[in-house]
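A quick write-up on the structure given underneath.
In order of appearance the chains are A, B, C, D and E, and numbering begins at 1 in each one.
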């Protein structure tokens, strides 16, 4: 993941800044543009064939949400940039999917880069979502179709909750909130996995378990990388220095901020747990080795001396008086049994048995 | 624990903010509402059948403490919210038991989320307590009956200490203080457990000990998570920026602040001790392995060569002059004893015996 | 230690704040009150039978040092509190020996909690010392008789140094300085112990050494806990915001501050050394195990094949031509010697010998 | 690397400050001076034979980029210093290749020290680049020919992008940007190497792998040392306190700042991964040891008792009734097989097989 | 080292502050006082027999450098203190060689404590240097003769560089700079040692290597302790709040500040490398153990079963049909060879051979 996005950024090295090049996997075939325009009394939704269809909404007093799935077509991004008067570096950042979550306030609009996490075919997928918040519009750019925003669409359509009564800043907040809520879904699964592994670790640790622990660890590293900077992003938004954020939305943003910190907390807790698991694994390996060694030692320590005694009376010396004794054989057997019993007592005292 | 509350939060993902959904285990059957109303001269206590009985107390000049055990009935919370004019997000936070301790100042009231820890059937139980501090009332929300506040109730009833002479802020402080005092009870038990394990570690470490150490470690992680944010919460209260906190109460809050730091200090010390214990365990395992190896090596090193000698004179070659010697057998035995003694001296010099 | 003081605090849980309860071991039988009153021209010293004897000194212009050994008699503390007008929470803190070092400025007096460390019967003892610095008096509370202040008493009696010419703030500084100097005495001993153990670790590490290292580690943890907060305490004093601290005393406080940092530095260095020692121990254990394994492997690898050969010619097959050869026996012996020598060369090449 | 540059700095110890001595490897034979002078309408490029050819450009209104490859000729640096009025300490820093990245604002020009990283014959090479940014010129000093600036030269020559329309500050930004982009190229390779090793670790870990991991670790340490201070450098530039940086360039610098943080993030992630790899290696070594021990124990535990039994019946006692039994031999063989099978079952139950 | 200086400080515990006692080893026999007095036009150098000879220089407009080697004679320090009007605590600090580097601004003079590091008989020696910077004089106190200042003396005598043209603050800077340059000399040697050990670690790690690594680690700890506080010291000087530091000297101090940070950086890097080396050592020990175990296992696993077979046919049963077979012996030998070959194949498949 990381290595891949780094690779792509590195390919762009040397191009003049503001050059629009898509950096990232081409995840969608087609660019799909959806427009939802609403105010308290009405809602209008359409899929735009051409990007130009969005432009009239720019100056309408209603709230407009333009969502673009697929960012590999540079010209689409460029046209939007021209229409909505975006700085070339914003466009460059939208196209570059290796961004860190960040916020930039350009006065007439705020630019946000976020990481949306969801499960796609049982794999955690990280998708970059860029948001432009203007006075009466939000433009969202996603790498492909499918997102965590369906509930918001429903709420707009059916006029559930407050959303239709509020402005574009509340819409942006809702998107942010949905993304952060998505992290909890991921963390839930990870938490279950951790509990699973802990049980396995105690019952039957195998080398494969280390591999799984290691993978979990890496997942946590990449999750952390996505969420940590978000704290600052939401913090900046919440402090409410921009005139684009209304005061009433501030309370909601503080709520998102709390959730973000909760996510970070949980990630840190999981990291602690995961590294504790490795310790348990290693100590259980040591324990097993110890047990193996004990058995070897018990067997060897009992039988090696006995075999030596048997070896003695297996020697072919002509003059070995014991060999002629009637009770030689049972006597030797008896001595052997005694030695064995003494050994066993010794091991018991040592608590090896 | 963590995994569970995360799971519940994740289920709420996508709902509009301010939607009241109870997130947490339903720990109580019934919602129990208790009202204690007092001033210096009188005290009145009753169990309310209906939440509406609380409302008249809102504007009485006496101090009113409304305690609600059981937060799974959304409509109860909602009604209180309407009556006392609470922000929907406060209500949402009260219902969501996966909160981090926090403080929010809404001007006319202060909202506090705290974690109450106590032993329930020998298990550390973490229960979320939400407090609303208004000008002349405190509303507390608990997940179930049973808390650490009985002493405060006694003090109010019997007019012990200062409490009846002071305002609602002092009551809130007392609740906070009781919760923090409860942490000391937990830490005491944990401290005893640590001492127990340390003794065991030295006398007789078993793989099970690792498990116990690991559980302690997890307990400390979750304790820490509950207490760390509290520092900030109390710090904010103490700095006394709200007009709801009187100056005289500030000194008491500083005291609670000191206790909180003491709790954090102790937790950190315990964490240090616990991770030191794992090191001791591992080194004691190594020591034991070493000891096992030494015994194996001593036995094998002494008897393997002797067995070899016995093997030699057990060969059936026709022409082996030693076999015919009169003193062959005793000579070989003598040589064997010598070899054994030399070996033992060698091991003694190596300090293995 | 920690566990104990926590236990005592936890017992107090639920009592109203400001309730005076002695929390700590009762270390002294009797409460002993000593008064030293001095100015540049005279000094007066007496042991008070009753606490009331101290009260006249409150308003005398001379500097008065009231020292109280033994804090288990609550009524003594209470009377002093009333006379010198101390806040109930101060009294509570004096009685509670589980405090963290701290400073509180109450305007007309400054309240300090310190930890005095000294050796009592070869054990590091931590005793809580509380100081009240007023405009012309210092009251010190100790858990028992015996302290690090004898030199100060001598200096006052014999008018050595500056002390008789300066005010109460200088006296308080002197007590603080004596306590910090006491830490160096402790650190000296600990340093010697560390050097001792390091030598042992190299010459002859035993499992017991781990135990000693672990104890040292715990001592450092508790030392650290006593000294770290002191930094802030002295820092606050030095910044000289209180009118009770004269400017000339500021220079001396900066000196104490430097010493405190030196103590903290040394503690951190010792911690580094101690954790390094555990690494050395573990690697030396590994080395020994390695050595044991090598010897076992050498012996086994040489003799097991030889024993096998002897075993072959010990078989009783009727048709084994070698057995009839005249030179069979010496030939086999020769081959065995050759194999042994080859093995030894192999081990030498592997650098095992 | 480090050791070498430290060595060179240490040789200079004792010389008066401002003494110009080249500290570093002499990486180039000749000093090569290139001048690129441009404005929006024209561009002029030449290789200067003598340093004096640069001087006329100092006061031309066009933007001039003077690039010097090879800093071992002290007199060249000295002459430039005199002409462009640089402080002797700047010149000293340019000559000393052991610098940390830093920025110094001298009012009429800004002095930057940067570390340029690129691959030279498959080795990561760190080269120090010093930049002087004046009102209408940039002077860059490199240790040798070959750099990451070719794209910038192209853009100037062909008037691509914005560069010809902007001032010297934009040129300086472009150089900085190219250097930071160069880090991504390095990180890409390192990321690939890490993935390589991870695969090897799982499939076939060898002691050599540890060596490679260790080398990676060291590379990350030195990378980190080059990049960390850059954060502050770019941060200072971006905050735009100097009048030499125009406001329009600020946005671009913020972009570089973001990239720098991304680089630092990636380095930290790689460090985490690398140290995780060592853990995996160690646990896989432990696993293998465990497996080896198991095989040894199984073989020894099965055959040592059997050999003992064979040894018993190999004894030469005259009176051993079993030896004369017709079914003695098959009975013993049968017993041996039974023992073997029991052992195997035991091992299966222990999950060793 | 540490332990020693702590010991000495602890001996002073209880004396009144400002009592002049020499704390440290008496490193010099005699106190040697050298005076260098210079301005731009002349230089005068002499060795003072008596401390009183220094006093006339106090009010001369020329720059005077008084250097005192040997601080064990308390009366010398005291006289200087009286003449130059130094605070008793300064004198105490000069005499106490266990100081941390620090700076104190007394208005009319600045007091600096520094640690000078140099090699004395191949051992790193730490010597405390105290500097008093007055308006036109610098007084330096060293523990013994021999320092890193010879170059400065040369520069003054021969009027090299700027030094004769500048004031006392430049002289103080020069001394500081020489001391910091001395650190690079130490770091160079340490760097070479580290490279040495790394090579040894790979080629032939022995238990002695751990000892060397450990010593290096301790050296780094003590180096760090000397250099870390210096950062703050130089930082305070550079910020130039004192009127004793001229603005022109500020640039030079910034240079020293950069060097100090470079030294700290290098120390941190070395610490990282050293702790990495321990990991390599441990993993190489594990590897060797593994290798030893493999050889043991191969030998034992091959020969133990074969010896068992030989043991079978060494039994003395009367009725063992195989013994009478003509081809019994070669058949058994053949079977043994087959078993051995199968084993070898098995080990090869396991990659043990």
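The definition used in the following text is that contacts are C-beta pairs under 8 Å (C-beta built on N, C-alpha and C of every residue); 3 or more make two chains touch, one makes a residue touch a chain.
Keep in mind that what you see is a predicted model, and the values were worked out from it rather than measured.
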item: Where chain B and chain D overlap in contact partners, by chain label; value: A
item: Steps needed, at minimum, to go from chain C to chain E via contacts; value: 1
item: Distance from the mean Cα position of chain D to that of chain C, given in whole angstrom; value: 42
item: For chain A paired with chain D, centre-to-centre distance based on mean C-alpha positions, whole Å; value: 26
item: Residue list for chain C, restricted to those that touch at least two other chains; value: 282, 286, 289, 293, 296, 300, 304, 307, 311, 314-316, 320
item: Circular arrangement of chains, read from chain A onward through chain D; value: A, D, E, C, B
item: Complex contacts: residues of chain A adjacent to chain B; value: 148, 150-152, 155, 160-163, 174, 177-178, 181-182, 184-185, 187-188, 191-192, 194-195, 202, 251-252, 254-255, 258, 261-262, 265-266, 269, 272-273, 276, 279-280, 282-284, 286-287, 289-290, 293-294, 296-297, 300-301, 304-305, 307-308, 311-312, 314-320, 351-352
item: Chain A-touching residues of chain B, taken from the complex the two chains share; value: 2-3, 6-7, 9-10, 12-19, 87, 89, 92-93, 98-100, 102, 104, 204, 207, 210-211, 214, 217-218, 221-222, 225, 278, 281-282, 285-286, 288-289, 292-293, 295-296, 299-300, 303-304, 306-307, 310-311, 313-316, 320, 322-326, 328-329, 332-333
